[in-house]
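Before I ask anything, let me first share the structure, which is written out below as structure tokens.
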Amino acid sequence: MSQMSLLMRHQLKNSHSLIRLNRCLSSGQSKPERPISRFPIPDISEIPSDLREVIEEAQEKAGFTPNVFKTLSYRPNEMRAFVNYHNAVMENREGGNLTKADKEMIIVAVSAFNKCTYCIIAHSALCRIYSKNTILADQIAANWETADIDDRQRAILTFAMAVAKCQPLSDQHFEELYKHSLNQADAWDIGSVVALFSLSNRMAFLTSMRPNEELYMLGRIPRPPKDSKL
Amino acid sequence: MSQMSLLMRHQLKNSHSLIRLNRCLSSGQSKPERPISRFPIPDISEIPSDLREVIEEAQEKAGFTPNVFKTLSYRPNEMRAFVNYHNAVMENREGGNLTKADKEMIIVAVSAFNKCTYCIIAHSALCRIYSKNTILADQIAANWETADIDDRQRAILTFAMAVAKCQPLSDQHFEELYKHSLNQADAWDIGSVVALFSLSNRMAFLTSMRPNEELYMLGRIPRPPKDSKL
Amino acid sequence: MSQMSLLMRHQLKNSHSLIRLNRCLSSGQSKPERPISRFPIPDISEIPSDLREVIEEAQEKAGFTPNVFKTLSYRPNEMRAFVNYHNAVMENREGGNLTKADKEMIIVAVSAFNKCTYCIIAHSALCRIYSKNTILADQIAANWETADIDDRQRAILTFAMAVAKCQPLSDQHFEELYKHSLNQADAWDIGSVVALFSLSNRMAFLTSMRPNEELYMLGRIPRPPKDSKL
Amino acid sequence: MSQMSLLMRHQLKNSHSLIRLNRCLSSGQSKPERPISRFPIPDISEIPSDLREVIEEAQEKAGFTPNVFKTLSYRPNEMRAFVNYHNAVMENREGGNLTKADKEMIIVAVSAFNKCTYCIIAHSALCRIYSKNTILADQIAANWETADIDDRQRAILTFAMAVAKCQPLSDQHFEELYKHSLNQADAWDIGSVVALFSLSNRMAFLTSMRPNEELYMLGRIPRPPKDSKL
Amino acid sequence: MSQMSLLMRHQLKNSHSLIRLNRCLSSGQSKPERPISRFPIPDISEIPSDLREVIEEAQEKAGFTPNVFKTLSYRPNEMRAFVNYHNAVMENREGGNLTKADKEMIIVAVSAFNKCTYCIIAHSALCRIYSKNTILADQIAANWETADIDDRQRAILTFAMAVAKCQPLSDQHFEELYKHSLNQADAWDIGSVVALFSLSNRMAFLTSMRPNEELYMLGRIPRPPKDSKL
Amino acid sequence: MSQMSLLMRHQLKNSHSLIRLNRCLSSGQSKPERPISRFPIPDISEIPSDLREVIEEAQEKAGFTPNVFKTLSYRPNEMRAFVNYHNAVMENREGGNLTKADKEMIIVAVSAFNKCTYCIIAHSALCRIYSKNTILADQIAANWETADIDDRQRAILTFAMAVAKCQPLSDQHFEELYKHSLNQADAWDIGSVVALFSLSNRMAFLTSMRPNEELYMLGRIPRPPKDSKL
């Protein structure tokens, strides 16, 4: 099992007990829970087996099934295309200079621009995990322009937001990246992360997708180093 | 060979000779042609064979290779995911109430909102072909709210634009569709066309994708009925 | 008869047969045609003779009566002022450096900013005819900032759009024009084209003015040179 | 001499002495005066005689030459068209239900939307004079939606602002006017005032037109009734 | 009694007689007067004595009770805090480089951005009085960017508007001030004037606060120098 | 010591050890910490004693000194006014129907509209504490319109956002509140919370105020009931 999934599990054990505690504490004022999606969610048994595997792997890794999988399983063909697109864009490209943390940071900024609750909450969690920075995602969700980012991160987000807003790109946009050891292929990477989550954000609005409660806490409690006594 | 591809061929023979004529007429004032994409375009021989087939089929059908294929072939994995996503979203769904013309109309409206030249030009052509209406696409590209559309089309575009703008959807948004013999599954179809082209529009901005010249005329000259002497 | 009106006639013969063909092809799905204007249109016989002449000349030149004339004839005094203003602004000024194609390009950009269907469609046709470029107008209507224009055209449109948006002008705005062999009098020309069509666009919205069907095709088929065998 | 020009003269005698006083008081801090227009202003002797008459009449009526005349005289043909358009739109139409005060109120609202200093200042003065209301124009310039206007005025401005913003008009927009004893011809009147000043506002931005100092005070001091001892 | 309050008294004597005249002239068309505030206004006797003193002093100074005092007296604790905040921000700071006229100019620009009628009218009056410039406030209310201001004033308003719009501030924003003999402490002064009137503007919207009629004329008639014979 | 401060202490013990852990974990990649404010922060000994008491009380209650106090102490008079205004607005009003949780929810929504990082982070913490809801603040910061709120909360935020945006208020705005057992005095409360934080947000932008790290976690871990063994 990978480092990351161990870390996520650790996080989730914390998250789960907190959610249980939370529910018990707020039991007096509870209102009927909003559904995960406006659209029907098929039973896991009805889902094609390749997608079922994808879902089970995510569940294994995260300790819970992210609601995006449940929501998208309404349309298996589209879900399959989405998963493949996601993998093509998000996996580390050989020779690529963007880290997973960079990509999650981009997604948080784009989703904040679009005010997409599901993607802000889910990718802020992933941003915390990959960046090992517990506060950056909240800052970017609030206002990326005033966030505590370095010049390279600022160049990345400036480029990303131009794409998110469908602004005409000039050579100047690319050259700002080149000043920070990023190249043309990295510019494509930034652009396709933005493009994919411009799609995702709209699917979340279409379906009124609800973020899993576990996501709000995920990555906020840093995993103690092995020799820690904390 | 399908009806549609015959129609497209007829269109293209017209388009091609016009473009040749055009070039000869404007030879005095010609400036060096802008490239298809900011990014390198691999030679057809370097493209994985499954994608090569996709491209060749498009070429066969259209009589030319739409620049979107050349541009995206820079990243085969992403292109494959895009093609699959496109097929999943654009092919007629069994029981679905949206026609191909409806979907192209949505794409033109979304792309006009984002001011995406490539997608406006390319999907206006497809809108003309599928709707057999030579002027509707231009009207929608100009201003969908003042276009000559019926109430059902207006309901579709109203829903589509709410998704395009990431506006929170209420039950009311869905009920407006239901008044026009559209159902919840159709609402998903509208939403995913919007989402996919929110992605496409941004890829076109990222790459400064240039529309093929053939696209501007495509579908403007209606195919004469077989017994016509025109 | 002028070169231009010969060219327009050639265009229109094409357009007319296409429209007839179009109507016959789409006869199955036809809906009652939207009126030319929300306001009453007087019979040609009721129109003051000087304006009747203007209309008949336009008809002669174009082969059809542009709907703007029918619409405005509701108010003869305002129509007369409009025609005179139009002539004062659009006719080539002695010593002026803007071509008719430049002016039509400006009108398309301003009308696209205002989403005015009538003016986009009508002046895209004129832009095609005067520029002898069959695709530029569609590009500018889609997004002037990404259109295939040269630096001089970009300077003209940048200035024009500042006026269209009522942005405060600084010396810098003028100096950008001077870099491209344009002078202060040309700046006025740009500004007054913008101003006049800021008026026109609003008259078209007020009246829900419908573009003539002929306009959509006009100028798309370049007129063959005299010795051409095409 | 008309009632109105007597009233304006009375106003101006006040304005002039105030401006003289003003200049004397603020002489310590005076900066070189900004020119009336960015463009050259021809000597009155160079202006075609029909336009010279127009200017002299305005001067006679107002006691000073409004800077708009000086500015526009740079282009006599356009000025002549503007004056004729202005007269066609602003003069009382037989059977029309809009008063001069209504029209000036519309101009102030449109010009405030466009932030056009010249037109706000000049037409606030005219609005005060025609409405005999010394505070309404300032309220409308600040925010027409919170101004002290009655339901009829609110219907007029709501319609006017829709045209000013190039919003698609529906039957509903017109019906709101009909509730207040206004008819279709009045709707045209509103729309053409808006359209003409959408042009004017842009000419003022193009030329950086400076309002005459007299305009700021004009109409603020109501003309005393003849038997008043004030 | 201070210079300023003498000046204000002079102004007000003029204003009052004008308002009386105004009312008599427009008596035919009068509509029931809009209330000062949507919220109840306590009788002066019910107001805590420290606030009553504040109100009476204002009344003494101005010759009338500005409606903001009546409106805010609905909540004495909030009013007391507002008055103290106002004094802390608006009184001349030792060593500060902003004049009262500068601060009033900022308030007019911020209030125009927010379209707050009460604050535009009231602070335009104060801007006229403190700047001894009878036309600047109207220009700034119309469009601060085209107003007749010098470079220092432009730097102040540029900074102020960035704060008003919650734009991220960079060192560059501050350095533009430093070029005009303003320092960091002055930057704070600008910012807190903007912040306080961002609050005020919203209180005026909340309460639909009505400006006193006296305010419209206040400061328009410059006080004659003592030896003047005008 | 109050219930609330006990709860806050519990929270903070957690936050503090997390921050220590955090710093140790991310020590490899640390960059020099951004200052709390752009402006100088006086030594606690230089601050007037009444304000020092305010700060020490806050410190006692929270376990750390919120950076807003340090930042504002640069200008004691303004800080004193701010504290008093804050108390007047935020303390429970006798007979008032807004809870502290309601007010914090409003502040988060307004601050998200203005993209003010400091206020989003700080008041999300307070919103979690007062509402005992660990996820609501994050939802509102992302998009209040899609947050899981009930009809009363939606009515409150709809009213609040109209004030935040300086929209003209009609009777209708108030009546929407009255449907949810809120009255006119409650409407004032909503409005003045909005107004005060419209000021706060701008002070945070002016000073580039940095949120304390403790705030990000505060209120995320619900305080266990006394008999809990967790």
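When the chains are written out, they are named A, B, C, D, E and F in that same order, and each has its own residue count from 1.
FYI, a residue touches a chain if its C-beta (ideal position, glycine included) is under 8 Å from a C-beta of that chain, and two chains touch if they have at least 3 such contacts.
Listed by chain with UniProt protein names: A, B, C, D, E, F = Carboxymuconolactone decarboxylase-like domain-containing protein.
All figures in this text were calculated on a predicted structure; none of them were measured in a lab.
*Asks:* Which chains make contact with chain A and with chain B at once?
*Replies:* C, F
*Asks:* By the contact definition above, name the pair with the higher C-beta contact count: E-F or B-D.
*Replies:* E-F
*Asks:* On a C-alpha centroid basis, what's the spacing between chain D and chain E, in Å?
*Replies:* Computed value for the inter-centroid distance: 27 Å.
*Asks:* Could you please state the distance in Å, as a whole number, between where the Cα atoms of chain D are centred and where those of chain F are centred?
*Replies:* 48
*Asks:* Any idea how many Å lie between the Cα centroids of chain C and chain F?
*Replies:* Going by mean C-alpha positions, chain C sits 56 Å from chain F.
*Asks:* Return the residues of chain E touching two or more other chains; collapse runs of consecutive numbers into ranges.
*Replies:* 115-116, 143, 145-146, 168, 205, 208
*Asks:* If you go through all the chains, which pairs of them touch?
*Replies:* Per the contact definition above, the touching pairs are A-B, A-C, A-E, A-F, B-C, B-D, B-F, C-D, C-E, D-E, D-F, E-F.
*Asks:* Quick one: which bits of chain A touch chain E in the complex? Just the residue numbers, please.
*Replies:* 143, 145-146
*Asks:* Residue numbers of chain C touching chain D in their complex, please.
*Replies:* 38-39, 74-75, 77-78, 80-82, 84-85, 87-89, 114-116, 163-164, 166-169, 174, 184, 187-188, 191-192, 194-196, 198-203, 205-208
*Asks:* Using the touch rule from the top, collect the residues of chain B that touch chain F in their complex.
*Replies:* Those residues of chain B that touch chain F are 168.
*Asks:* Across the complex, what residues on chain E touch chain D?
*Replies:* 17-18, 21-22, 24-26, 29, 31, 34, 112, 115-117, 120-121, 132-135, 138-139, 141-143, 145-148, 150, 205, 208, 213, 216-217, 220-222, 224-225, 228, 230
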